[in-house]
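Please find the structures below.
Look for chain A in each of the two complexes below; its partner is chain B in the first and chain C in the second.
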Partner chain A sequence: MSGYSFDTDTAKERLRSELGRAGRTLRFVLQDNAAKAGFAVIVAFGFLGVFGPYLAPYHPIEDTLQQGGSMMRLQSPGGKALLGTTSFGKDVLSQFLAGARPTLIVGLFGGVGTGVLGFLVGLTSGYFGGRVDEFLMRLTDLTFALPFLPMALVILSFVTPSVWLITAVLVVFLWKMPARVIRSEVMTVKERTFVKSARARGAGHTRTMFLHVAPNVLGIGFLYTAYAVGWSIVAGASLAFLGFGDPTTTSWGRMLQQVFRSGAIRTAWWWVLPPAVGIGAVTTGVFLVGRAFEEIVNPDLQTDKE
Partner chain B sequence: MSLLEVNDVKIAYRMPGNDVHAVNDVSFSIDEGDNYGLVGESGCGKSTLAKSVLGLLDDNGEVREGSIEFDGRELLDLSEREWQSVRWEDIAYIPQSAMDSLDPVMTVGAQIRQAIRKHRDVSKAAANERVAEVFEMVGLDPDRTGDYPHQFSGGMRQRVTIAMALALDPDLLIADEPTTGLDVIVQDKIMDKLIEIQEETGSSLLMITHDVGVVAETCDEMSVLYGGKVMEQGATDRIFRSPTNPYTIGLKNAFPEVDEFDEQAISIPGSLPDLTEEPTGCVFRNRCPFATEECEDGHPPLTEAGGQLSACYHTDRSDELREKAADPETWGIDVRDERDRSGGVGDTILETRGLEKWFKQPQGILEDLRGEEPDYVKAVNGVDLSVREGEIVGVAGESGCGKSTLAEVIAALQERTGGEILIEGTPVDELLGESTKEFRSQVQFIFQDPFDSLNPRQRVRAAVGEPLKIQGHDPETIERRVRETIEDVGLKPAGKYLDQLPTQLSGGERQRVAIAQALVLEPKLLICDEPASMLDVSLKANILNILREKADERDIGVVYISHDLASLTQIADRLAVMYLGRIAEIGDTTDVITAPKHPYTASLLSASPKTDPDVDRQRVLLPGEPPNPVNLPEGCNFAPRCPKADETCRGEEPTRSTFVDDDHEAACYHPVKDVESELLERYAAAREEEVGEVVAEELTL
Partner chain C sequence: MIAALLTLIAVSIIFATLRLLPADPFSALVASGSLTPAEVEQIRAMYGLDDPIYVQYFRYIQNLFTFEFGISLTQQRPVGEIIIPALVNTLVLLLPALVVTAIISSLAGMYAGWNRGSWFEQSSIVVTTVFRATPIFVTGIFLLIIFSYGLGWLPAFGMRSSLANPQGYVETYVSVDFLKHYILPFTATVLFYSGDFLMLARNSVVERKGSEFLMLHRAKGLSEMEQLGRAGRNSLLPLVTYFALRTGMLFQGVITLEVVFAWPGIGRALVQAILNQDYPTVQAAVFIMALAVIVMNLTADLAYAKLDPTVEAGDV
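Coming up: the complex of A and B.
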């Protein structure tokens, strides 16, 4: 950034004020009851994602549960397996706990990646306008035109899928959403006097863009990042369900795929419900918090606050 | 019996946390056929009162006490259905922003017809007839009822809203700032029309405005509101001749007259009272220089004082107060030494030669390929302007005359399309060469809208320090200079303001922060685009004083752009008047104001309302509107509207040096000698003729 230098003190000061703002925002968001529930789900999910594999009573893939010398196939909940077993005698609870981690990785990184990429594209496009805008927006239209699942399947059939690769594919297909919204918001902010004023005070383009325009659209950026987390989890699970998940790990989507392939999806409700409820709960949680957050980001309310 | 009687009305808005008591115990009454004025600054409750009379308060607002009687009928008890029959039928409303109040996808005629047919059971044809009738009343061409709002200019749209209000022949017209945002000449024509119509139809008018001059000229009786309370009430003439309330005195003094030179503008220090509780003392006490302990015990009741009612404990000393209030020191303003002013002018800082900014009109690809010359809007068309050290050059003109474009082109916020700009003899291109740093450290800009010109996420410290950071100063220097500059613009102590966010500051404070941002680099040239136009009267003077002071102290050259002639005469050393991208007249402020030579300047000057009720001003009925800037007429731009224009004017464009008297130049072949007889009377006569023709036409039909 032109003429902009960071020293540790200002950096610390800025960080503190940003953290303070984040805290205030969170408190405001949590005034909403639905958001409270959503937030609780997200916290629980985060906890599972980090510690889930250590909590699991058995290894989700290697351990086959035995009873009286024979494999426990499709046992309903009870006994050794609290949530029952799969058709290969694996513990459903352990799979559910271990499966939280890849879901978290896909959701978090896919969401954040989508948010950041979309934000930058939208910011550049909206701020500069003209040819830059034309180019970036036609690119966005192109990604809008490409159907997500077929394209993702084509890509994933050429390479061995891994959690990270899937995350990258998600980002490539999802960034268009925040980009569009951020662009239109930037175009509004750009017309406001203080942006022109910054130019008149001598600020260069980079500085004006990142210090004057960006902070004023950051709220919407966060909102769309939160939504992108939800989309990524759903999209990641869909890919896994279609058999294009990472074959070496257990994820919720993969659990659903396995139960479908085993043909027991109509009978083994204990195998279907945990991953299905997990995915449903987390995405709903994210959207509930996002909805409460939207109240703050909404430009009408924004000016009254602070 | 009075037509409208408002008795002890209290209105509060429910807010999260605290209620806001917007109006407290206000009473007034309007007789049939009377003009009544409600005057006050923003936030005084005047619009809230108007809305309550129409039953259109916002959802969170409610009338807590009192009564509003119209024609003997209590309005507050009406049901929504009953309200609908009262609105427009009995009480009609002329809203503030005509730009927004018309439906853009409906023809204006249809909008008025809709209002008529909602209330009257008449055929479409009969309604159309009435529409044509009211169009004629407000001076619009009845053939244009089929046009859409965007096809009308601002002044004409305001006429449409007036026509709409008149459609059902209401008994009471409420006009909420009907001319705010319009140019003076247009304002004058509209006010003239409004009063004429109102006298014709015999309806009453409730005029709500912050413009003291407009009220002084149009209303018989008035109330001055402040902080939701009536401060003074009575006959307009009396109030303006001898105000007895310190607030009225201050307001009147803060409102400058065009021809009051060198009289230092007086501002009222402090800010509006907090209305989250019902007032316990006089609402004005914290800003009043005459406040005593007595003023703490309850808001003073309205008492008889010299023929009018005034809410002040000190009405017995009003003569003394008036005298003292004329002295700026009473209001805590340092008196400027006017003698310094003339000697302070130094070398030339800014010079523009034939500066041009033409906007290309879009045209089709075919025309492009055929190599056709596109049309241009000549926003700035050959402007020569020079500014010297310590000098304030005012640029006046109506909206659309190119003054703001001129400002932005000089400040390199827009590219110029022709001509030259020299800063201290150096062409701007050289200064802008590698980076804008050099140029920005010399030329700074102050914007019109203080509510939008500061980044809402930036604290004052960061905002004011930013220009220095960009120039690459070290943190200590930045901190020191930020503090100095903030105190310099009157935000003392600096520590109190440094960590504030813009939303925590009042409009006046924000504009000062913006000024500090511009001054912190110690520029040589400051360009101000209407810096005070969005502030209340009492704050305006303050901003003007700061600018004048800085220009004198630091030898800065200032270009001050404004449509407000009164503030220009107070601050500017030289004055340029622009019309359609050209400078029509330029010279010493005193010369231009006292002896305008260009007919346009003369008209503009005469259109400013006067607060002195004894002056009987001839209204300026300048015909027509500025022509379309795309197809400018041959010859003098003003010729089509000018009563003095002849063949020479229409044939060849006069240069600026056509009339020269020392520094005073005007682009006119026939300089004005007597404004009254040469212009105003001819305008009036021309209009009479027009009206006569219409009548004659009707008779022959």
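Coming up: the complex of A and C.
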């Protein structure tokens, strides 16, 4: 097999070996107790994100709970509403279950989008160097200079926010973080002998970049994608809390905004705790797993463990 | 030079973004019937909104760099009068919090890194990761419902009691009433930023732990703590630059926190201005936030060049 063209067999083989490596890494990460707990939270959250809306006993927005002919306002937990009701007579448990999905979409797609875009920019910039690098890095400097949350607020104030739009805005502002780190990693990898011999054997730029350089920086790429998922959830929840979330869906950030705006936060702890604990637990879970992963990826921390 | 150019491009983008807004607040007034179209024309001319776009642009750039932010559209007073006190309020809250958390968390992080694998290291990392990962407004909400609404120990709203009417900075910031309002947002900020400093300090001590200069110190017979002191001093570089970067990002980082505690700072002013479509105030607030990032990034680079003998100042 010549191996000079990007044929499917090579790609499949590479993919299989990469997946095997990912599996081993994951097992290694999960030896850390905190990471184990974090991983469990993430799995539970993923489950809620997919199935939550079907588990909800009532419709989170349309169903108004009635009791004896009057609306159940700010009912504490028990009876018909297991986690109590909001001041508009909606079921908190249903809102909590349904609210996981928008949070998951923004976090997952915002994070993965940020990771992929940042990875590609960093790879291109570091691999080619020179003018390409100069241009892309000035672009990242510029996005660093534009304050993220204020700009996002301004943009979302004149377009109707939707979950997908918010995700796009996050990617546009967050890609710079992985891009810089990937770039500096790529710059050290591309000087190594195996990259040069690949080039000498006649491998094209695309092939060298994706088959020889990229696998060596994939670890860092995944690490920053994981962190980007965390940042996206935080940013999405912050926007929703400030009143710039998707008005048609119930997200955890929006639940907090409603309980805060309505002033019910003074008494209705049952309305505050589910979304607050939910957001806190998910982001913490992501960061705990990310941190345990970082201990493996960052070679400087691999010194004597005695 | 690059910083100046970046600032210029950044403010141009901010200008362009704000001009994309479809309506100005006056059209809404016509729609609601409180002003006639003729009156609106007059007001628009007064604010210079009828000039060609490039005239508006140059006036905007010129005004920004002389810190003349124009007149607020909704409050009929100079934007500076709204923004500057808000900026001071934010700084009074954030700078002490950042300094406190930088010192305490860095020291704790160095100790954790030195005793790698210890109970202290494991638990301090998990605890600070929890606060670092949880959005700052969620931490704020927890503090609120526990200490203000649950236990009733501390006030929940604003910077001073509604009856207090202090004059001047000293009277405003030095009082028991202010302190009571200060504790909760201060605590939330300290907790939120503790994680990054702790991890940075810990990682950089871990990286140095096996190095030769420390073996020399051990051979000289220095105690564990004295050795940690030497390792810690060598770990200061990333901490100092990180501190500068964090300071630049502060204003945008705590917008939600200011809203939760109704702290009359620049972040809350920005959110209100956006909701009221008060563009001059929005422009000024976003500009100050962008400027803070750019200036502090430059400071971080300079500090790096100054502190690290292997980097020349000319490299920046």
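In this text, the second predicted complex is superposed on the first by the 282 of 306 C-alpha atoms of A that agree within 3 Å, B and C clash if a C-alpha of one lies under 4 Å from a C-alpha of the other, contacts with A are read in each partner's own complex, and residues count from 1 in each chain.
The definition used in the following text is that a contact is a pair of C-beta atoms (placed from the backbone, for glycine too) under 8 Å apart; a residue touches a chain by one contact, two chains touch by 3 or more.
If you're wondering where the values come from, they're calculated on a predicted model, not measured in any experiment.
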Chain A contact check, chain B vs chain C, more residues touched by chain C
Exercise. Report for A:F293: first if it touches chain B alone, second if chain C alone, otherwise both or neither.
Key: neither
Of the partners chain B and chain C, which touch A:F39 in the superposed model: first, second, both, neither? neither
Request  = With the two complexes superposed on chain A, say which partner A:F96 touches: chain B (first), chain C (second), both, or neither.
outcome  = neither
| For A:A198, is the partner it touches chain B (first), chain C (second), both, or none of the two (neither)? | first
Report task. Please work out whether A:W271 is in contact with chain B alone, chain C alone, both, or neither, and reply first, second, both or neither. Result -> neither
| request: Identify the partner contact of A:Y58: answer first if only chain B is touched, second if only chain C is, both if each is, neither if none is. | output: neither
**Message:** Output check: A:F173 vs chain B and chain C. Expected answer is one of first, second, both, neither. What do you get?
**Reply:** neither
Chain A positions within both the chain B interface and the chain C interface are 303, 306
Chain A contacts chain C in the complex at 34, 141-142, 144-151, 153-155, 157-158, 230, 234, 237-238, 241-243, 256, 260, 265-267, 269, 272, 276, 279-280, 283-284, 286-288, 291, 298, 300-301, 303-306
The answer for chain C against chain A in the complex is residues 2, 6-7, 9-10, 13-14, 17-18, 20-22, 116-117, 122, 125-126, 129-130, 132-135, 137-139, 141-142, 144-145, 149-150, 199, 203, 206-207, 209-210, 251-253, 255-256, 259-260, 270-271, 274-275, 277, 282, 285-286, 289-290, 293-294, 297
Within the complex, chain B is touched by chain A residues 2-4, 7, 10, 192-194, 196-204, 207, 211-212, 215-216, 303, 306
The answer for chain B against chain A in the complex is residues 411, 413, 435-437, 440-441, 444-445, 447-449, 452-458, 466-467, 469-472, 475, 501, 503, 514, 517-518, 521
